[in-house]
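As written, the chain order gives the labels A, B and C, with residue 1 at the start of each chain.
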């Protein structure tokens, strides 16, 4: 699909500077762009790369001067570029509102208008699905699930019985919501399973990454607050209460009953022990390990997690640790103190 | 569903103190309970919360005094409460012993009486399933698998060929048992695959969490001992021999050929290198990294894992490390010793 | 199945020393071998174990002397033994080139000769599959995927739209290729999703472990170079460019836009921050955390990752840290220096 610079500018409500009639064939980022492409310049620091690039045109903010090739001036070049890519690469959307003939939908399940169900998907007894939601191929929604409107469940997502999802929730392939929490009691040398009788509750606008697992509560809900975004292969233990608008990067693991405030951010591979409380807007750097409560507005790094400033000082000082030991030995010898 | 306190007490074989005729509508934990609910008090430390709670009744041990609201006295309040929740929230169980018409069961597979197979499940050539086991929707059991009695395989579990499961094994959704071990040999600058010809053997009463992966052995079995409980997203490498009654929390990773004794416990995100031996009853704290053999009855933390006492002392002392370096510098200056 | 030592030797093109007519019933590794078995000796360090073993014969290199039992002399005992195991345990291969009647293959999909598609697999609109590739039960290949020849997709693998796989790629069960990258922009207190419009490109001879996830690029490809081997539960973030012949062990996590050279090796649970460059042939020890660019040919360990030699010195010295603090205190007291 080809379009002129002017057509693209109209799509993104941008201003054309230069030749609006130039035809554009594809859209690629600055590092990959070729002649015939439109690209995007995400601020002044990429101005030099744009000048050196063979791209024929660019989406750019006001801070980028014209250099002979047409520009489309917009406030948010990244989002405008994304819109252009979507237009140029558009394929017709999969037909919506269809239930594939191979899907196994229980007769008591309630599908609102516009719901799509892919091949080999399973919708259990008494489960409801809100308007315009899509259950892709092989999704399993158990019994008694409540799925909101405009939800997308990618292939092979598994919802155990009684899972509740708000509106506009996105769950990526092979994520599992509602598996049993990890609870046992010792009894005569065996680990006896504590029944896991709660459920999982995901509020509006949450996105959950591929392969992540969120366990059901023991008696009540494990909850993920509205607007929270969870990356791939994350583990949320039973009874956790994740606040609104959290960001949990890939491979984060939260022990059972952990509670986070709003706007908490965790980097990749962070681990949090069970029954920990993390205050709102606190950030935990990647690979950090949180073993006790953390206040609000903190920045923590390392394992065990410490305030960022102290943590970085420790990291720097550690590089001198072997030499410190030698020095200390010399000092003690010098003073005639015992080696201990 | 509603029941009187007396009816609930009969279900859990407890003693009623107070008004046994009081009707109970739901069961919630102390932090969530409302009027009309029964809750449970898990020991004296929760007595104050119980007194302040609007709950109408409680399951409680003998140490909790009566305070005007009815109590059900039992030895194990948690387990009794779980039984009550199951009764109050009971839905009719899914019909057992049925093979869904969409399931693809190979004609040579042998299903014992009472076996349930969900929609779109696949049971391969020569595979046997013991009495009363349940294969939920979309389970794939390959060829030559031996599945015991009273086993539950949750949706989308994948068993590669020749996987053997004992009785009462539970495997949660999207776990994968028997994928190829990670074995290659360098040859002319390429990594040449070493065929993985073994299998996976899971003994009785093992539970395996959602999304976990246990790789097949190279020539023989990767084995998980009876009674061992494995949480979500755990990786067990090829040829591992996990002892009986181990506890492996979420996101643990075990390198190939690692061996553990009985009653080993690992916290979340623990990593163990390959070919390591861990003695019985040893505990590894969350996020610990074990790179060499560990004796029995040890408690290890950190990375590299060290005895807990030493490890904690190091953690505490590290907070003083930057100041130690400054002090050492002052001492050297004071003594006129060289900077290096 | 039984075979004589001579027959086995012919299969692996080895030389028989001793009684070639001896019948062999099974093949087991040294630690498990019984009378009637053939085993293998992987070098001189296992000579004593071989002498003590009840095995009836062995595959062995030239360095192992004859001791009365027949030997099969070969250059590469491991690979020869693997061949023997495959012969002795051989079951007839699953019939190839068949599309299971329950598979949902879109009419526009193109399957080359010899392609096998398992039960309940889904092949999307416009997707092509090269000769002799196998899509096992429940695989979902979205729209517009290009799958090479001799590819094996194990059960339940999910390929999102537009995923491209080279020849001889192996993907294990429940891996997910092409899910959305984890990209959001803050806007009025919400995390607004950045559309993820790229794709995943896997070059020839790559193997990907069970449950691993490789996210699609934002606008272009996330790429895994030819010959690279990825273990289970690994996360590769969006826009990563993994070099050729890398080895990524289990539970490794790579942040977005990270780039690695050829022959990079990462141990289990390694984490790499986003936008990091790692030079060719660099090795990161298990559980290491890489937060800045790493040069070529480096060996790094720990978190934050440091050169191996320094890192090990720090680990050793840390064990003395509490005693160093005490010593330093004594020194300061001895000198009458202030405590701070």
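Definition applied: a contact is a pair of C-beta atoms (placed from the backbone, for glycine too) under 8 Å apart; a residue touches a chain by one contact, two chains touch by 3 or more.
As the structure is a prediction and not an experimental result, all values here were calculated from the model.
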- Query: Considering chain A as a copy of chain C, what rotation angle in degrees (nearest 5) results from a C-alpha superposition of the former onto the latter?
  - Reply: 120
- Please decide if copies chain A and chain B contact each other with the same set of residue positions, more than half shared, or with different positions, and reply same or different. different
- Roughly how far is chain A from chain B, going centre to centre by Cα mean, in whole Å? 25
- Item | Touching two or more other chains - residue numbers and ranges from chain C | 102, 120, 138, 156, 174, 211, 233, 251, 269, 303, 318, 321, 324, 328, 331, 335
- Task: Please name which positions on chain C make contact with chain A in the complex.
- Result: 102, 104, 120, 122, 138, 140, 142-144, 156, 158, 160, 174, 176, 179-180, 182, 184-185, 189-191, 193-195, 197, 211, 213, 215, 218-220, 233, 235, 237, 251, 253, 255, 269, 271, 273, 289, 291, 303-304, 306, 310, 313-314, 316-318, 320-321, 323-324, 326-328, 330-331, 334-335
- Contacting residues of chain A [partner chain C, same complex]: 27-29, 32, 78-79, 81-83, 85-86, 89, 91, 94, 100, 102, 118-120, 136-138, 154-156, 170, 172-174, 205, 207, 209-211, 227, 229, 231-233, 245, 247, 249-251, 267-269, 286-287, 302-303, 315, 318-319, 321-322, 324-325, 328, 331-332, 335, 337, 340
